[in-house]
Amino acid sequence: MNLDVSLRKNYGGFQLDVAFSLTENRCGIFGPSGSGKSTLMHLLAGLLEPDEGRIELAGQILFDSARRINVPPEKRRIGVVFQHAHLFPHMNVRRNLLYGWKRTPEAERRIDPQALARVLQIDQLLERGVNSLSGGERQRVALARTVLACPRLILMDEPLNGLDEELKFQIIPYLNKVFSEFAVPLLFISHSLHEMRLMADEVLVFEGGHMQQRLPAEELARRSLVTGSRGYANLLTLRGPRPHGDLWLYHWEGNELILTDSGAAGDNVFELAAKDITLFKRHPEASSARNMLPCRVAGIFGAGNRIGVELACGSGRLICQIVPDSVRELDIRQGAEVIAVVKASAFHRLY
Amino acid sequence: QAAEVHLSVAASMTDAIKELDAAFIVDHPDVTMLPNFGSSGSLAKQVAQGAAADLFVSANPKWMSYLETEGKIAPQTVRDLAQNTLVVVGPQKTAVNSLQDLEVMERIALGSPGSVPAGQYAQQAMRAAGVYDRLAAAKKLVMAKDVRQALLYADRGEVDAAFVYGTDALLVQKAVVLYTVPANLHDPIYYPMGLTIAGEKNSAARAFYDFLASPAARKILAKYGFCAPGAGAAAK
Amino acid sequence: MLNLSPQDMQAIWLSAQVATAATLISVPFGFAVAYFLVFVRLPGKALIEGVVNLPLVLPPVVVGYLLLLLFGQSGVLGPLLQSLGIRIIFTLKAAVIASAVVGFPLLVRSIRTGMEDIDERYLQASRTLGARWWDTLLTIILPLSGRALLAGMTLMFARSLGEFGATIILAGNIPGVTQTIPLAIYEYTNTPGGDRMALSLCLVSIVISFAVLLANESVSRKFRQRTTR
Amino acid sequence: MLNLSPQDMQAIWLSAQVATAATLISVPFGFAVAYFLVFVRLPGKALIEGVVNLPLVLPPVVVGYLLLLLFGQSGVLGPLLQSLGIRIIFTLKAAVIASAVVGFPLLVRSIRTGMEDIDERYLQASRTLGARWWDTLLTIILPLSGRALLAGMTLMFARSLGEFGATIILAGNIPGVTQTIPLAIYEYTNTPGGDRMALSLCLVSIVISFAVLLANESVSRKFRQRTTR
Amino acid sequence: MNLDVSLRKNYGGFQLDVAFSLTENRCGIFGPSGSGKSTLMHLLAGLLEPDEGRIELAGQILFDSARRINVPPEKRRIGVVFQHAHLFPHMNVRRNLLYGWKRTPEAERRIDPQALARVLQIDQLLERGVNSLSGGERQRVALARTVLACPRLILMDEPLNGLDEELKFQIIPYLNKVFSEFAVPLLFISHSLHEMRLMADEVLVFEGGHMQQRLPAEELARRSLVTGSRGYANLLTLRGPRPHGDLWLYHWEGNELILTDSGAAGDNVFELAAKDITLFKRHPEASSARNMLPCRVAGIFGAGNRIGVELACGSGRLICQIVPDSVRELDIRQGAEVIAVVKASAFHRLY
């Protein structure tokens, strides 16, 4: 994606004023309610006219107030998943789904409607009228409708709202697959840091109509170790689960990990909270924790009473959150050897 | 090739003309009669705008001369088809012996003098009797859009009197003829007819035009209350 | 109870033809004009709206007269039409035109109200999905204003059944050729004892319009079921 | 350019009065009937709708005739009215009644379409918040169908300006008392050479209706701004 | 609340068939997308007519197909927060808020609109038109509108969707306060087990139009230790934070706990995941964990490789999740003495 944006829009009392240029394919927009996320999305899609500014996507100028260019929405080929679905009320689910698809030149139809419908679990609903759908069903149909239009850029406004966790994590990998396989760039709006980590590489943080920060999703997550209420979560890709008594043994970057959860045959993404890792100077005896990984301290960051310790275990990296007292007591410094203790139940499978 | 005759006929002659048509095609089975009934004014405007018409029958000499000046009518073919009389009808209770008697009444209906010939004759008559201006100033006059409407009011008792043609008076149900307006109080009530420029070249139209002057036609006209031109008075 | 003469039957048949033709012919124009008035941003739109509404504001007789000036042989379009061999005045075409013109404002106003009530966000969604304006028009606006269009058509059909003033001027009152129900009624009221016959024809008008109304209702209900919960 | 006789001025003033009164008087009834047709579940609704549409289907002259049968001295309501000292026929009241009756179907149809387009969920929300049906009617349905109501009023006002057939029968054509613009125009058009004067009056009609139209547009736009993004 | 329900409704392909009777004041309805939660809500509110059945609230029969009783929605005094706000488009925020309030007899107006607006952070929006609100703002206005109508029972359909976590946890305690102070019974629909725990005492679990289970929210949470993907979280009310070096010392049921987070002066609700507690047989040396609580095992439950151990620490109870091997190794059984080790960062403050 090559998106250059510099826009101003006055809206009653609210003023949006942003300028950024993106190259990452998966970007996120993160910010509190009312910070202007949806407004930005409408401006980019051409549904709202900026007071002033410029939008350039992949070398094409979509809007330029100075040169009086304003490409209409249908020529921008920017897909939008709206916060409230906006399904066409007079069409059934199938016709809604295929609306954009039919308007896409055959050469550019890169996604199979059937397969997508199956993944989003809406293949049973195809002949239903959209007004009889439940809240979550509507959102999934809207998602599929936009993706099937095969746009050059997809804007998603909290698309996973109203979906239960299970379904959410079923959908995310598929979306990721679609987006990466067909290199569809994505601008992803969400309140959830978690979704952000999984869907975006780079994140723009909005506040009161302005871009406050801009940083890689990983960095945002690391900062949340200090500022966020939930702390940092490691995302680990574990391979080849084998039974191990009641538990399961996985490979992870040259280590073996013991987990309570069984996974799928191939790659499995697990979440491990930084808070769930306890460091010991010596190998502890008689702990209920199943995993005791010898690691080397690769770095220390953080502030106040929340210290992040970056650990190298085999070829993998882990972030562990501890308190300053522990840093002193365990003599944690770069290069120090420690034992990371993790309970088998601490891993949470995402997909 | 079947000939067509387009007639533009004042609505008050509808029934008479229909019977005349029927009588005519008995002898001319190859002719199709296409009568168009309406108010004289709108018929004249249609003819003026080039609508298909061979013979124009007006309830009013004004519209005939309008078309003559427009050059739509062959002037030498203009003659009177029939004559009519003017009467006052009303609910049975009132007695009218002269037009002055109208002054005691509340409402008097007449065709709108500007547009309805019968109204114009009524106006003339009332003027001659010297009552028109006072009645008009007292807003006692209800101007109907045609004679039929004036008659309707009288029939339903909405007005105390209505000026209508003698032929129309045949249609009353409840009302009665109160008074026949003397012919000397108004211009003679003529139904002028004339062939249009196109009609003059239509032999069937000319045949019908001639037929209208025949005794057979006269008889039919008389049946509907019209009298022969120059005859002066009507039935009743 | 109803005893209809052959001439009455002809009038009914002509009226049905005229009302149907006038309604169907007007629909595309009415739709286009309504679309223009609702969605196209242009100064002077009010003027066009004023013109569209003219036939409503003016007495039908005046409308008929103006149409006569337009289509008559010495009128504006007359010579052109004549050179094409098209005759309007005193034909059924004239009755259709008169009905169409008189009912047009009703049709447009109805469609307009329907179009204005379409949630803009559906149009936004369709455009971001790649639909051009005419595509959005056909696939979103048309079906979503379908009920209003139907309502407008019913109005117009009903109005056509009762159209008298403009028709008698432009089409004339020629039994069997241009004499529609209202003209036949007019003729009966000019005839002794014609009131009964006039009433019969009124009843026929009412029955026809009633049938159209019911048809409209049932189609409209389907539309509604399809578009709201 | 316009040279209007005092009688013309009177006709204009009368027409404005009649159109305004007819429109305003009809609004509550039109609204009630539309509400009934849209929201009340009752068999036989179609019948009522048919009756409401009658004045549209029948030629205005017939409508006038039927009204005369109703309000005339020997009519159904005539004696009753007379005993109350109310005279309808040949008064301005008659002109208002004629216009109101003839325009009523237009008003109802317009309001109906607007009401049918109200998202049912707003009504649900208001009822769960404790609003009775009439409360919901006044606070939700009325404002949300405001634009359609306005559109209907404009239609009706315009139609009233052009109403001829029913008015001339029920109100008569009494200069200065019941002679509205269309009746004055009729007189002029039936007089050779009266076309110029008729045209002047037509222009006045057009100007009045145009003003009403523009007023409607601007009020309607405010409504729209208030109700959609 | 005394709610007796027994309903059947056929809906195209979908069939809802439930019977339950509730006495708890705060009930939850939990279930996947399309399981019939919103449908049930519409039936209860009187917005949808059941095919058959009976609804009785606080002794009043609201619906009875046998006796042909069907109380209209406005007489049921059941408030509804819809999944999609449904704010009146022709009124500004203030008039929306006060719509139900004005229709409530003065004697029953138990909530102050000003105060509620402040808590929900919509007091700045009062004069705004509702169509200019952001997604989250709309949801908050809808919430306030229903609460202000002071109904006998409030039905909430995923009311916290589209709100960021921070705001969500600001709103929940206030809602709880309103509901408990004025004893407004609540039926709370959500996908989130977490919200469920905080808002409901008893939970009905729906699946495919049927009530599958019915259990206390705490029990549902305990079961999720075995079946859920997120495991069980302890909710602890900690009191009187005092600084302790970089950290904070709290009272909890006769114990002292060390946390990284500072809290408010009074009660603070913290979440502590069962997975975040590690058990040791003996007091471990040199751990990065700050809290080492001597406890007694009060009970063991769970299945498969997920074992929940209920611990008594002082007068408090904690649930800890361990694996079967640990049970054996540490010789965990009722009455056994163990050390529960918890990191200072493991506590997550909710409000």
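Quick notes on this one:
Going in written order, the chains are labelled A, B, C, D and E, and every chain counts its residues from 1.
Just so we're on the same page, contacts are C-beta pairs under 8 Å (C-beta built on N, C-alpha and C of every residue); 3 or more make two chains touch, one makes a residue touch a chain.
Everything numeric in this text was worked out from a predicted model, so none of it was measured.
Separation of chain A from chain D in touch steps, taking the shortest path, is 2. Taking the definition of touch as given, a chain qualifies here only if it contacts chain B and chain D alike; those chains are C. Farthest chain from chain E (centres taken as the mean of C-alpha atoms): B. For the pair chain A and chain C, the distance between mean C-alpha positions equals 57 Å.
Note on chain placement: the centre of chain A and the centre of chain E lie 26 Å apart, centres being C-alpha means. The centroid of the Cα atoms in chain B and the matching centroid in chain E are 91 Å apart. Among the residues of chain D, those touching two or more other chains are numbered 65, 119, 121, 186, 189, 228-229. Shared interface positions of chain A, defined as residues touching 2 or more other chains, are 84, 132. In chain B, the positions touching at least two other chains are 42, 45.
All chain pairs that count as touching, in label order, are A-C, A-E, B-C, B-D, C-D, D-E. Within the complex, the chain D residues that touch chain E are 119, 121-122, 124-132, 135, 139-140, 143-144, 146, 223, 226-229.
On chain A, the positions that touch chain E within their shared complex are 11-13, 32-34, 37-38, 83-84, 128, 132, 134-137, 157-158, 161-167, 191-192, 229-231, 245-247, 258, 260, 273-276, 278-282, 284-290, 304-306, 320-326, 329-330, 341, 343-346, 348-349. If you check the complex, the residues on chain C that touch chain B are 61, 64-65, 68-69, 72-75, 78, 87, 89-90, 168-169, 172-175, 177, 186-187, 189-193.
In the complex of the two chains, the chain A residues touching chain C come out as 45-47, 72-74, 76-80, 82, 84, 86-90, 99-100, 103-104, 129, 131-132, 145-146, 149, 151. Chain B contributes residues 6, 8, 11-12, 14-15, 34-38, 42, 45-46, 48-52, 148, 170-171 to its touches with chain C in the complex.
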